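For reference, the structures are reproduced in the following blocks.
Next come two complexes, and both contain chain A; in the first it sits with chain B, in the second with chain C.
Then we have the complex of A and B:
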């Protein structure tokens, strides 16, 4: 009997091929939750950016449509934009695995880029060897630039967030000096701070079309390599152990200092590789301030990809799609390209706090359950929360419009917006003071509406009353159902 | 005689430039101090300054009154900080990720709105500057050094004193420091760690926004894309170099402002032209000094509870009722 059981167990182990492993992973609760957080953050940030578009007078429907069309029709551009983001994202993610926050990938990128440029234009080398050497030197300088904060963190306890950030600015200033004075190209374009063009032998050739170059291959190879390093090697195990619990790792015989320094060193190397690859594949020379914030985007990509190498790849492709689609959105729907940066910032803000999604989901779920069991107080409560939320956004939106004409009305609308958001924040999780907050918000809305009718016209009045009156009604109904402790008379309890 | 006049003029000019350059740094760093002393890392100072600078110009443009611009900058900085505070304190998000989000959001939002409001890229239209406070001391040197400064410069120095008073002499200041050093003690004393931290973060955003307003309508008279240009990070450097205290922040801010003024002075002094090529290295000094300070040459100790979300102990619930 026992033997039989053992045999079946072994059989299952044998059947455990890649597909079942992936399936099992997909069913994992943790992964599902992670996916919910990521997609929830993306959806929420798209929602908020749509509201900002409405406020600033753009059509979010058209914007998102052309964003999607632009992304789908230009896969080569997506990969082109994604290439450096994969590498900088890996850089940030790898440091994260060791519990370190490499916020200075931008500086390491600049240092790597200048290293690759110097090899690229100062030395004459045969084809194939030239780009490889340039990339190696670039990454090596990146490693050094990452190792400095790593060593300072490990042996002097200097916080890596501050040191990497400060070294990042140092690197940008240093490379600026290099390309403005010693390495500057003389001649026709001497007014631009830039180096001469690299030799053709050093250029990374195009893989496909006019955009995608061999840097993409390098980036994907780096994903595989980092995945292998983190999950399949002793060093990766030690890095993760230090990242999980430094004290426990040390107790287990791992040297956390050495691993921290190494993690930031490798992280810097990846960012340096990104810089070198961009110079050799896209820019062909080092111009002052050439990077459009690739190192910063690396943080976004790593955060979105949950610091998993394959997640980083997906995150980078997502941002590449945003960029590629953003161009189309800009050209066709005339929405400024900065919208993409805004969406990116919002995504990072929402990803920073996965608990927001949990909070929304959990409270929504409890509302759904209660609406079935006791519809009377639950439905007005839910409607009150919804109106408050809408009122919050409308208050902020109209504030921008009205501020130009009448600052007092603008401030009143701002107050209405703030109190409406607060009302939502109290009513939605069923805080006992929620109805009072809703009453306050509705009062301000009605006052702003009446005042707005006088100074700005009837539309503001209609808006204020349309939001204020239902809020008052729902709030009064709810006050009768459950009195807040604030209004309780002695003996009521 | 002429030579003396030039030296005196240069010295007074350098003092004036130091005061001008250090104003935004001191304000933002004081803001960062409130936030970090309460236990919330605020690397988003740069973003809060940027949004403050933009709102100041926008409000001045629409109302014609630069003081409305100052109010708007304080409000906008405070609102952005409130978002950071809610994410970090209420939803226990990662402070640094959230701060990065604040920076990215502010950069995107201000450049977008620049195009929405003025329909152009890069620079906004010129608006009314905040009028300088100028007086005549009767001495050429003093006049040049202190005679003409933006009111925000005075506010910055007053803020240092107020911050010191609030932080060390009021119950709120005690709560802020307790929230940063030992939140569970604060919680046990009956005060709310979450509220204390949130208010401190909002104060930090208001001060940083005011610092941004100085850049756009105190010192200049327009908003430019990315005009804070890393000053938020230098403010962070001043905060660390100043050891998270108001006096330290003041001195570090003045020193970094002095370095900033120095690189312009280099261009004016005859005989120092060769140094012009090396102004980049002067600009690096604040960043490098902070690294040196953190590496332990000078002692820099952050608040103990920094960047750790405070989770209240679970209430004990009676299983029969649940």
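Then we have the complex of A and C:
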């Protein structure tokens, strides 16, 4: 009972000041773990994309060098690319805090953009008032576009993933029709589906250099505002409560329906603001299909930022850096710009992996459950199975390419492909012979790689080693757990 | 099966050098408070958790489990407290999950090649359904193999779980808190089934924190406390009070001491209330009752007789189809939960995980749920902002007053034990100075110590002049606490009894839908 008294003896009088609170937040183990995981994911994805570059014949050293140089020397471009991503990322993150998945930020962005454009070029208003009104109208249309699926979800039970997605296409096609027919600019550029240019009074002036405009300021203000809304207001508390446990929120006197609709509405407003800000600051007119997927990227930014407003800011800046550096990489090192998208995708995949595992485990996926309860053999096993599966496809793929040039290498690759598939087939269901099959497959891959280096060039060699070596390593690690029958010593049973 | 010994370390030492010896064909009770390490121990035996050290020996053979499939292959089956079933699938589909049957004949063939062939052949559920029906009949557990899980009652779902282990030919059966979700009738049926298993020579391990069950059913009882084995006793040589002492480590008083009630004005008045459940069926059929200040009105009944909906209707979570509810003269029929709270009604919900708490929120955030929108917790213009310092202050106060075991009020409430979580709910609900407390199953799943604490708290509230409506499936709890007992059956209050004048068997019969005449009859026979 002494223990009881000890732990409950919390100092009632002492209040935490803001600094202790921030320090505690930074010291929080969960936050640090999350940060470490994110960092690890970035490193891992760079490593994997380097492998892919090597296999496809690009120099990853030069690519990463120019990626870094391009990013470091152009901080203004980083912020320029980051600005809309901050807002769309916040949009997705805010909805997610309320347990809703707003997939339709792209459509809300288009609606906001068209609203801002219309105010921008149809009305003549004084400076300062003009952009503010345009942004307000843009956000408001975004709110409406978010509120529709919100209301459908709350009062009719329509799943928001379906409705936001469908309304997204509706918005894109509706704005396309608007700029192709009623709002189309006539005259010299009549062959392009676009609106006339907005008035100069409506333009968001540049803050710094040719790229960064006042939209950045708006975006950062939105980060602060969303953070405040979520953590320090009654509405934010209610949104989070509904997101975490709808029944408990209802029991606590919170109206879950109202809050769900509101969350999607505010989320839509943020995406609409992103659209308006981009038109007024960057494009100056609405052109059909102008957005390079800013709304979709908002989802990945929110994942990277773990749905935390400040995390979203960091994630958006990181993606901005990838874009800015990616241009340089493309121009100087001649690596396709798609590589940036690949890196982005890999990062999100790795960052989200634990959540995906959680979800699969909750939904009764036995492999995922095992990965959580016994990470040691389960994760190497899973990786071995994944590499085997990839190896199987690559083996068959390269076989078709090489067979024409060198039948022996072709056959070796075919063998490597077959054994890799078999290795997957044994490892995934945790057959005791899986590790042996993996060892066999890795041996063939390494042999094919060495032989391929001689007859077909270094690429095949790197492919063989890149697949073979990790397979050997994982298989050896796993031999400690699954000892195949004939390797067992007497009395091991 | 002998000599299981294992240690489990980590941040928390859940099991410390426990050695259990379970004989073939016996029913072995594993008793302990929540958090004593019972489930951990059994999850190790089932291969769900890996052990740090120690050995598991089954029938003289040392075994090493890497997952449940290894345990299943040596005949160990487990029925979890929270069922692992997929609601939209049928009984058959759930039972065969992971070992789907294929056309007759092939599934009996063994060998590597056949294993691959079996993977690609289509699944035939017919033979499996037949086998399930046969297993069910053999053990007296009637079930329709083609029914969907979501249409089954909790008791039937548990049957499916048991059939699942039998289908995998388990002869060592682990049941984790099997009665915690069942009605008294279902418990009796389960006990009959288990008795049949015992007669068939199967070994059963029963995990529980209730004292009654091992006393009825088990041959031997092992008691765990704080991860350590306190001792193993034969049923014949022990008594409930001795077991309770072993579990808690001190003497436990079973009956609550209380002064006679001093009832005052009527606080809660319900007139002819009708409520429908989510499926649109009438589940509360004309309930009328009143609760006075300073008394505890207990509603006794088998679960599923309308109690849940009755409570939801009073607290505004569900709309009544007809009838009237007033609190202190205010008509609260049709009000929303917030308005009902504002009238002075607090509610300890029956399921703290589903309704009572937001598990990922901190203790500070949970103790203000329901009053967060009012000053002093909300500040600023139109009370739109939160005063987080007040959150913490309130949480620290309540943690102190209710001696909730926590290190910090900022930790998520999910990290607390069940008893401490319930204390958080109780603390929050009683701190708003209510006129009426609706306490639904306030001690469900709690250990002896926490139950005692909550009972004493409720009595203290009563003595302060608060009206309390207690809904519980535990007859002992109702009999100990209530000043008046209403028995609910099929959505109707069938009788109102004085706890000092009624008996356990009379209440039991009333709960089962028999009138007092039946009792007379039973006595005469």
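The rule we apply is simple: the second predicted complex is superposed on the first by the 336 of 493 C-alpha atoms of A that agree within 3 Å, B and C clash if a C-alpha of one lies under 4 Å from a C-alpha of the other, contacts with A are read in each partner's own complex, and residues count from 1 in each chain.
We adopt the following convention: a contact is a pair of C-beta atoms (placed from the backbone, for glycine too) under 8 Å apart; a residue touches a chain by one contact, two chains touch by 3 or more.
Just so it is clear, the model here is predicted, and its values are computed rather than measured.
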First (chain B), second (chain C), both or neither touched by A:346: first
Chain B versus chain C as contact partner of A:440, first or second or both or neither: neither
Dominant contact partner of chain A by residue count, chain C or chain B: B
A:176 touches, of chain B and chain C: first, second, both or neither? first
Which superposed partner A:304 touches (first chain B, second chain C, both, neither): neither
Which of chain B and chain C A:251 touches, first, second, both or neither: second
Touching partner for A:158 - first (chain B), second (chain C), both, neither: first
Overlapping contact positions on chain A, where the chain C interface meets the chain B interface: none
Residues of chain C defined as touching chain A within the complex: 48-50, 66-67, 84, 86, 98, 315, 317, 336-338, 341, 347, 349, 354-361, 365, 369-370, 372-373, 378, 383-386, 388-389, 392-393, 396-397, 399-400, 403-410
Chain C-facing residues of chain A, complex: 4, 7-12, 15-16, 24, 232-238, 240-241, 244-245, 247-255, 364, 366, 370, 373-374, 377, 430, 481
In the complex, chain B residues that touch chain A: 41, 43, 59, 62-63, 68, 75, 83, 87-88, 91-94, 96-98, 100-109, 111-113, 115-116, 230, 233, 236-237, 240, 277-278, 280-281, 283-284, 287-288, 290-291, 294-296, 302
Residues on chain A engaged by chain B in the complex (per definition of touch): 52, 56-57, 101, 103, 149, 152, 156-159, 161-163, 165-167, 169-170, 173-174, 176-177, 180-181, 296, 299-300, 303, 336, 338-356, 359, 403-404, 407, 414
